[in-house]
Structure formats: C-alpha cells, structure tokens
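Several structures are given next for inspection.
Common to both upcoming complexes is chain A, partnered first by chain B, then by chain C.
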Partner chain A sequence: MTDKLREEAKRVLREGIAEMVIGWAEGSAEFKTTPFFAFTEEDCDRLVWNTACVNNLAKYLTDYPKEKKIALCVKPCDSASVNVLIAENKVLRENIYVIGLACGGVIDPIKAADAGTCELSDATAKYACLHCVHDKPEVADIVLGEAERKLTPAGEDMPPFEERRKYWEKEFDKCVRCYACRQVCPNCYCEQCFADRTDPKWTSRKPTAGESWMFHAVRVMHMAGRCVGCGECERVCPKSIPVEKLSREMAKYVKDIYDYTAGMGEKPLLGTYKDEDYDAGVHEE
Partner chain B sequence: MSEYNPKILAVLCNWCSYAGADLAGSSRMHYPTNVRILRVPCSGRVDPMFVLKAFKSGFDGVIVLGCHPGDCHYAKGNYYTRRRIPLLKNLLANLGVPEERFHFEWVSASEGARFAELVTEFTAALKELPPMGKMI
Partner chain C sequence: MARIGVFVCHCGTNIAKSVDVERVAEAAKSFPHVKFAVDYKYMCSEPGQNIIKEAVKEHKLDRIVVASCSPRLHEPTFQKCAESAGLNPYMVEMANLREQCSWVHDKTEETTEKAIDLVKMAVAKVAKDAPLTRGEIPVTKRALVIGGGIAGIEAALTIADCGYEVVLVERTPSIGGHMAMYDKTFPTLDCSACILTPKMVDCAADPRIELRTYSEVEKVEGFVGNFDVTIRQRAKSVDKTKCTGCGACLEKCPSKGIPSEFDAGMGTRCSIYRPFPQAVPNVPVIDRETCKMFKEGKCGVCSKICPTGAIDYTQEDVVTTEKFGAIVVATGFDLWDHKLCGEYGYGRYPDVITSLQYERLMNASGPTGGKIKRPSDGKEPKNIVFICCVGSRDAEHGFTYCSKVCCMYIAKQAILTKDKIHDSESHVFYMDIRSNGKGYEEFIGMATCNCGTNYMRGRVSKLYPKGDKIVVKGNDTLIGKPVEIEADLVVLATGMQPVHDSVDLARKLGVSTDKYGWLTEAHPKLKPVSMLTDGIYLAGACRYPADIPDTVAQAAGAAGKVAGLFAKDSIKSEPMIAYIDQNSCAACGLCVSVCPFGAIEIEDVKDKRGNVIKQAARVNEGVCKGCGTCAASCRSLSARLRGFEGSQILNEIEALAE
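Moving on, here comes the complex of A and B:
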C-alpha cells in the first residue's frame, strides 16, 4: 500500500497536478507518524500509509491560499472534512487533488504503545474509529487499496441524564484551556475565535469549570452539522477529556431529525432550511 | 427565607414577539416580573451563544420567541432559527440542563394574551425546579 501511495504521489508531482503532496511519514517514535509535506519525487519516498496514520490532514488546507494546487492524502473521515470545507467555500475542489485511502480504522498511539503493537484491534483502535460512520472517501480523485471494517462498534456512552451535569462539571474542571482541540480541528478555521475575543467577552480565559463549560458548549454548537467525527480533538486533549462526546451525540441527533450527515452534504446544514423542517416552536395543546 | 424567584431571560424578536409583549403591557395584562426582555431584530439573530451565556451566568430559564414561520419581517430569518434551536435543545439535554429551562415558541404581534400566558406558565414550571446556580 505504501508503495502504491508513493507511486501516485510521484505521478502527481511529475505531471504537475499539484505543487505538493501532504501525507504522513515515519514519526520520531514507534507507533507514531508525522504529517509530511512532499515537494519533490525524492520526498515522496518518505511517505507511508499504515494504521498509525492518525492525523486528519485536511487541517492544512486552510493554511494555504485557495489558488494553490495541493494533493492531499485522506482517510474517509478526513475526506468528509474536506467536503465540509468545499461546501463552505474554504477550498476550491478543482485546486485540490484528493488521494483517498481505504481505511478500516486507525490506532490510538497511546493505547498502541500500552499494548505494544500497531495491529488494529478493539483494544488499540482510536476511540472515534469505534463510532465511525464513514465507509468510503466522500471526495476523492483516486481511491487506493481496500479495507474491511473489523472493529466492534462502541455503544451508547453518555451518562444518564441526572448525572450529566455533575459529569461534565468534573470533566470541564480538568480542562486547562490549551485550545488544542480547536487548533487540531480541520473545520475550526475562524480567524478570530470567540474564545480569544475580549469584546464581547463570551468566556474568560480562566480555566474554571464554568468558563470551560461555556467554551466547550459553544464549540459543539459551532460544530453542529459540521463535525465529521474524526476524533482528533479527543486524541490531542492532554487531559483526556472526552470532548468529542457531545459532538457525536449532536451528529446522531442531526441525522435523526434532518437526515443530514456532516461532510456528506453539498450545502452546510445551518446555512439552508426546508419548509417541512421539524418545528420545535409548535407545542401540542 | 424569601420566596424563590427564578430569573428568566426572554429573547424577543422586534417585529412580532416584542410587539406582542408590548400589547400585553398596553392591554394591562398581568404577567410575572421574573422575565428580563432582550430585544433582537429577528429571531434569526438569536445566537445559541446568547442562551448558553445566560445559563452560564446564572439565569434559571431562557425563553426565545419569534414570528410564526412565513411571517418573518426578513422573510426567512426564523426558518434558520427553527433549524438551530432543536440542536441547542439537544446540546442542553446532553449537558444535563433540564428541557423545562429552555422554551422556544412562535408569538405574533397580536398574541399579547398568549405572551402573558406563556410567561406565567414558564415561570410556574421553573419554580418547581431548584435554582440553576451560577457556574464558576
């Protein structure tokens, strides 16, 4: 698979389809890969594809001007992120070349290091992969390889209603407000985040449970109908807060009432409406 | 100990619901004084952040009122709100905030009596619950 990927990357650069290829390369430690930017054919020999390729590389697209021709390696979830960016006019479809990779799930580097193996199993898989909803890359110019999903889907993980307020208070109390979850998210691209604004001051920078509650709640609202469930926010959290849990519940609800899956639509969910939408303002007498 | 009086934020759209509240006032209707009114140009202006910030700051309940679908002064503002509000309700439920604390309804300029009734009912429902408490 890695060979096929390298061949394709070389072809893309040789034929001038793109100026650079964004992919993964061997990382500094075992069980880890690092995002890698290949500009020449020699660089392409460093690209790899394995179960440790966890990073969602769609994050890098918004760092470059729209006009730049970029080739990007994506897993199915990353591909959904790319589609969200396309729907929101942040990238132009014709200027990106998407190399889709069939994926049956990736590992969590920490869990894999504990287990001492890169072999994909329920015990080593990234948590988001157990909730994965993406079978194939939504946007791709070419799809390499074949994969079968063998992971056991995880069930309901939200605590019962009565315990939720306490649960989140405890979790958000751990938050140090490093904003890693925001920085790693491919679809969090605002030039000025509400959390950084002092006027109006939506939330202060104090890392208290209440302020973090506000930050995370608003983040979920901003990601409503946009979060593709790649689980990067959860992976990078230094305090292991299950930050994606709320977004995951939100995605399920969006699917229920609007039959919409983030990254699968041509238009953003909240930028459109239908006359027959569910009406919460009508209460039966 | 004094009686518990819930603090309520009412976000009203300028063209229908605010006029409805105005009608309730000028018709001398009685409704609880627990409600603090925030006037917005359209219910489409109601950012979910308003509601979250209100709960964070210690409001016990939030009620959002707008023009009936089809009656929006800006033609389609309330349709966008209609899409957004159920998602906010879902988020609040997942955060452990009871759904009785957040109410969303359509109230037109002629429905002064309905506004008074809604606010009365909402206040009564909130009195059944313990105070929200400020999050720090």
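Moving on, here comes the complex of A and C:
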C-alpha cells in the first residue's frame, strides 16, 4: 500500500497536479508516524501508510493560501474535515488533490506501545475509530487500497444524565487550558479564538473547573454540525480528558434533530434553513 | 467616568399597578455610576421629557436609562429627548418594565424585584454605551414599478407627476392588468376601459415614464436609494420603432385558435397578437411557442404582409442592469384554480365559468361583442346562478381569508345581466354579504331590490347536467329548505390568490410573504404600503385582495413614499448595525449565509500597496437592518452589532448574576 501511495504521490508532483504532497512518514519511535511534506519525487519515498498514521492532516490546509495546489493524504475522517473546510470557504476544492486511503481504523500510539504491537485490534485502536463507520473517504480524487472494519463498535459512552455534572466537573478540573485540543483541530481555524479575547473577557484563563467548563462548552457549541469525530482533540490531551465525548454527543443531537452529518453536507449546518427544521429550543417539552 | 440618570415611568397605572416604582427609583440610586434617579407618571409626556432634560443639565449626566415600555414604542421618543438635551441619542437604554414586567406579573414583591433587576441590567449596559453617528447614503432619483396593472399605472403616473423618472416593468405585452379585462366597475358602474385607457395612454405619453412590457425583473441587488436591478426584455420579434400598429399582421397569421389569455380562454388569438385593441404599447408580439416560423421554420406571412418591415424573427432577449432608488411592487393577483373544488364541475361542464370569463362575455371588447352567450351552444342564458366564496373562506379546498371583492362584483354582474337580458333571472348563493365600502351597501340594494336578484344564503352541494341545463342543488339556510335550480349558466366567484410566482419575486427582492404567498407589509396598520426592506413599497392586490379604489389609494400612497424618499438628496442610515472586525475574521462565510437581508459579502482585504492579504466579511451598511443574526453566529466574535457589543451584553449578564 505504501508503494502505491508513493507512486501516486510521485505522479502528482511529476504531472504538476500539486506543488506538494502532505502525508505521513516514519516517526521518531516505533508506533509513531510524523506529518510529512513532500516537495520532490525523492521526498515521496519517505511517505508511508500504516495503522500508525493517526494525524488528521487537513489541519495543514488552512496554513497555506487557498490558491496553492496541494495534494493531501486523507483517511475517511480527514476527508470529512476537508469537506467542512470546503463548505466554509477555507479551501478551494479545485486546488486540493485528495489522495484517499481506505481505512479500517488506526492505532492509539500509547495503547499500541503498551500492547507492544501496531497490529490493529480493539485493544490498540484509537478510541474515535471505535465509533467510526466509514471505510472510504467521502471526498477524494483517488482512493487507494481496500479496507474492512473489523473493530467492535463502542456503544454509548456518555455517563447517565444525573451523573454528568459530577463527571465533567472532575474531568474539567484536570484541564490545564493548554488548548492543544483546539490547536490540533482541523476545523478550529479562527484567527482569534473567543478564549483569547480580553475585551470583553468571555472566559478567564484561570484553569479552574468552572472556567474550563465554559471553554469546553463553547468549543462544543462551535463544533455543532462541524466536528467530524476524528478524535484528534482527545488524542493530544495531556490530561486525557475525553473531550471528544462532548462533540460526539453534539453530533448525535445534530443528526437526530436536523438529519445532518458533519463533513457530508455541501453547506454548513448553521448556514442552511429548511422549512421542516425542528426548533428544539422552542418546541421541546 | 459615566454619569447615569435613571427615569422610572408609572405609565399611568400600567406599570405602577403592579410595580412599586418609587422603590425601583430608590434602588437605582445605589447602582454604580448612577447620579440621579426619579419616577414620574408619564415619562414620554412633555413634562416628563422636561424632567430628563433638566436632570441632564443639572447633574451633568452623559447617559440615561428610561425604565418604561418597550423600546419599539418609545425608544425614538427618548432618543430625540436625549438629543435635544445635548446627549448622543444612542447613549439611551430602555428597561422594559411594562410589557416584560408589570403587564405579565401580578402585584407582588417579586415583580418589583424583577423591575429592579431590569433597571440594574440597563444601567450596566448603558455604562458601556458608546456614542454612535448616523451615516449618509446618496439616493438615485429613479423609481422602478413592477407590474403594469392599475396599481402600477397609478404609482408610475404619480411618481412621474412629482418630477421623477420611472421605469414600469410589465410581464405581458400590454399594461392594463386585470382592470382592462373588466366590463364595468362597482359601485358606480363606470365602464372600466373608459376610466383606465386614458391612464394607460398617459403612461405611454409621459416622457418621464419608460414602459418595459414583455419584460421581467430577474435580479435585485443593493439597498435603499441604490438598487441594481436586472431586467430581462423578452424578444417581441417586432421592431417597436418601425411598427405603426396597423394590425395587418394579426389578420393574416395562419396560427389561429390559440386560447386568448386576455379573454380568460373565452376567445382566441393568433400567434402574433396584441392582447386587446386598446393595448399600450400598441405593438404586437409573436408568441414563439405557437408561431409556425419558430416551430417549423417556415411561414413568414406576417413579415411579408408588414408594410414597414417591422417583423424581426432574429430579435433576442435583452438583459440590462440599471440603478434605481426605490421599487414599487404592484404585481397583483391570480384567480384561484377552482378545479380544486370538484363539486362545481368546472372544466367538465362548459356552461360553468368563472366570474372573469363572464366579465369577458359581457364586455363589448370581448369575444361575443358584449352579448351574453353561453359557451356550450351560444344561446342567451335566462337563468343564471352565481356561487360566491369559491376558494375563499374555504379552508378545505382553498384558503381561509375573504377575497373581499367577490360579493361586490357578483352584485355588479347580476345588475348588468338584468340590464342586458331583461327577462333573465339571477340567483346568488352567498355565505355573508360583505359590502363595507363607500356606496357598496346601496349597490347591493340595487342588485337585490331594483334588479330582483334572488339572494340565497347557503352553499351549493352539487352541480350536474340535465339536458342542456345545469341543475344546481343547494340549501337556503334562512328558510331552512333545500333548493334546486335549473340553470342555463353557472358563474363561480373564484377568489383571489397570490400570483403563482410571488414567492420567487419576494426572494429576488429579499422581502417576505405570508403563508399564502401575499407580500408582507412592514406594519399592518401603520406601514401598509412599505416593506421591511427600506426603499421597497407595495400597492394593490400583491399584498392582499383589494378592489380598485383601495388599490389606487395604496398606489398613490406608495408613490408618495417614493416621492418623499426622492425629495432628499441623501438619507440617514441607522448606526445600530453590524460590522466586522476584519483583523480576526476567518472568512468562513457563516454570516453571509445566515444574513436575512443579504447584507454581508466576503471581500479581499488589501494592504496599503494594494496586495491582497486575506479575505474577510464586510457588512453593506445600507442593507443591514441590525438584526444581529451574524453577531450571534460568528464563532470568532468578529461580527458585532453596534449598540449591542459583547462588553455591553456581558455587563448586563454580570449585573444580573451579582
């Protein structure tokens, strides 16, 4: 598979389809890969595709001007992120060459290190992959390989309603407000985050449970209809706060109420209006 | 440091009956930066306003809170008052103690507590208020009137009379609209054509009015004083500069027998046609759908016969974009499609016709030359049944509203029937007689007493043919007996409904419609001819069913609004509108898609040398109405609303949470 990927990447550069290919390369340790930017055909020989390719590379698209021709390697979840960026005017579809990779799930590097294997299994898989149902990228110019989902789907993981307050208070108390979850998110591209604003100060930077609660609550609201569930936020959290759980709950509401899945629509959820739209705030008893 | 004055209104007993206003004023004195607080019976009255003005002077106040009613009612009053006291009018906040407190709660301790909280929030907000200034927008003194019926004609003539240029756009080949199709008009029985055609001719003759018949509005952009409107002039295939209107082509066209729209299908026309002899402009058009030349590529009879060589088969649609300062929408109505009401048998029985078709049968310019002949066999009908409220006030088949004009035109048609066929009998099935206009009740009296029309209160349950008659079965509810009439002709008083594409037009104009598709006015009582979008006005039956007197009055009203707008060289813009902090805007475009007024666009942001450095949203200040939807949707807090800044809102929340 890696060979096919390298071949395709070389072709893309050779034929001038893109100026660079963003993919993954061997990392500093076993169980790890690193984001890699290939500018020449020789560079392309360092690209890899395996179960350790966890990073959602769509993050890098917003670092470049829209006019730049970029080829991007994506897993199904990453491709949904690309779709969100297209719908939100951040990326021009025609300037992005999407190399899709069929994916049956990737590993969590820490779990894999503990298990001592990169072999994908329920024990080594990235937690978000246990909630994923896709094996092919939604947006892609080419799809390489074939994949089968063999992981056992994880069920409902939000604590029962009565216990949630306690649960999240404990979790948010751990938060050090490093904002890694925000920084790694491909769809968190605001030039100035509300959390960094000082006039007025919507949330203080004090890492107390209350202030962190405010930050995460607003972040999940901002992710309504936009979070594709790639799980990067949860992976990078140094305090292992399961932040993805919040977005997943939000995605469930969005699906139930508006029948919308982030990264699958042509327009952003909040930018569209249908007559039959259900107004949860007004009608819910 | 802010110096705040708080003025608490009793509103007679409206507020004072359930709120202890004196305690509210006393409590206000302890809020931060409040230098003066007082209560008074009517703050909006002249003595009340004087209290404010004197307090501003005496206590050197720089901003005020008025705790009274909804800002929708009296914010402008107190803004003006503040302005005359030397303050910026936008340094005023209102705490709504009436609609949101005293009216909705009983006299309890909590009601006063809530009133105090409301004042506390307003004080917190006003402390963060910043002075705002109104901008100026230039006005293009040229009006667009959409629709060439009596409403459009009247509006165009009035605007032109005030000295401004007007473009009148009409979809059909001639102006005149529905009114041109009528025989006589109620309640005076003047001939419709005699009072309408001179106005049509005036329209054509006035150098300030430009007629664009056979044209449609495609796109509307811009805002009050500065609309950019794209108009498509459909190809008429006749050169209007050469055509003399002699009509030779109409005689010779071989494609005859096409149902005439103007005769409501009662008569026929050919492929090259003008809707009626008095059409303005008097230039025929070729209907390319039915013309042999366009369908089969050979014919050319009209071209050969035309003495001036005016026929031009190669003409193409012309699309132009022009600037206008104001738009009057006068697109009128459609008749309800009564096929939806199967029991009346329309379409199945030739002698069941609509009132508009009957109008054409009575009209001297109609297919029968004004002689009433029934469609099936051309015989003169003696026994005529009129059925009212077909579609109107009928939620099951049509709509719940009353079409307003049917009672009157049925009375008119009954009177005219008696006039034309002396030995005829007219029977009217009605639900209620609605005759609330000047001279209308007397007109109904003329139909019932003088002309002996047989009015029966009740609905018709069934129609069926019997020989060459139509049996009408109904119920006379006043005598409580079933009625059966053998009629020669049945006329259905079909109601009015919005033009079939009124929602499309509303979308183009960026205005709203109600659930039926009627265009919505800005205020049903106080702004009946304005729309919520500034610079767009409406008149006649595009808003709601209207008869001719109402329509003409509304058209003159709309024209007056336009003239009022054009009398100024520039207009003041409201400063409480949105703006974008382009430094932090990420150009995601969410504000663009949620803006109900189309006021936001994404633009390139350039540095001093003209290099594009990024993209960002921009608010068109003339279009923005300050609804704040963009500000609520923006994740990076780049879209903001002047007068409702984050700091103001947060201050309010903090005051409440203290």
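Everything that follows uses one rule, which is that the second predicted complex is superposed on the first by the 277 of 285 C-alpha atoms of A that agree within 3 Å, B and C clash if a C-alpha of one lies under 4 Å from a C-alpha of the other, contacts with A are read in each partner's own complex, and residues count from 1 in each chain.
Here, a contact is a pair of C-beta atoms (placed from the backbone, for glycine too) under 8 Å apart; a residue touches a chain by one contact, two chains touch by 3 or more.
As the structure is a computational prediction, the values presented were derived from the model and not from experiment.
Visitor: Put the two structures on top of each other at chain A: do chain B and chain C fit, or clash?
Guide: Chain B/chain C on chain A - steric clash.
Visitor: For A:Tyr278, is the partner it touches chain B (first), chain C (second), both, or none of the two (neither)?
Guide: After superposing on A, A:Tyr278 lies in contact with chain B but is clear of chain C.
Visitor: Return the chain, chain B or chain C, that is in touch with more residues of chain A.
Guide: Partner touching more chain A residues in the overlay: B.
Visitor: Return first, second, both or neither, reflecting whether A:Trp24 touches chain B, chain C, both chains, or no partner chain.
Guide: A:Trp24 sits against neither chain B nor chain C.
Visitor: Is A:Tyr253 contacted by the first partner chain B, the second partner chain C, both or neither?
Guide: Once the two structures are laid over each other on A, A:Tyr253 reaches chain B alone.
Visitor: Of the partners chain B and chain C, which touch A:Trp49 in the superposed model: first, second, both, neither?
Guide: neither
Visitor: Does chain B (first) or chain C (second) touch A:Leu270, or do both, or does neither?
Guide: Touch partners of A:Leu270: chain B and chain C.
Visitor: Regarding the shared-chain residue A:Glu191, is it in contact with chain B (first), chain C (second), both, or neither?
Guide: second
Visitor: Who does A:Asp199 touch here: chain B (first), chain C (second), both, or neither?
Guide: second
Visitor: Quick one: which of 79-87, 97-105 or 223-231 on chain C sits on top of chain B after the fit?
Guide: 97-105
Visitor: Between chain B and chain C, which residues of chain A are contacted by each of them?
Guide: On chain A, the residues that contact chain B in one structure and chain C in the other are 194, 202, 270.
Visitor: Quick one: in the complex, what on chain C touches chain A?
Guide: Answer in residue numbers: 583-590, 592-594, 602, 615, 633, 635-638, 645-647, 650-651.
Visitor: Please give the residue numbers of chain B that touch chain A in the complex, ascending.
Guide: 48-49, 52-53, 56, 66, 68-69, 76, 79-80, 82-91, 93-97, 104-106, 134-136
Visitor: What does chain A use to touch chain B in their complex?
Guide: Residues 158, 161-169, 194, 202-203, 208-210, 213-214, 217-218, 220-221, 224-225, 246, 249-250, 253-254, 257-258, 269-270, 273, 275, 277-283 of chain A touch chain B in their complex.
Visitor: In the complex, go through chain A and note every residue touching chain C.
Guide: Residues 88-90, 189-194, 197, 199-200, 202, 222, 267-268, 270-272.
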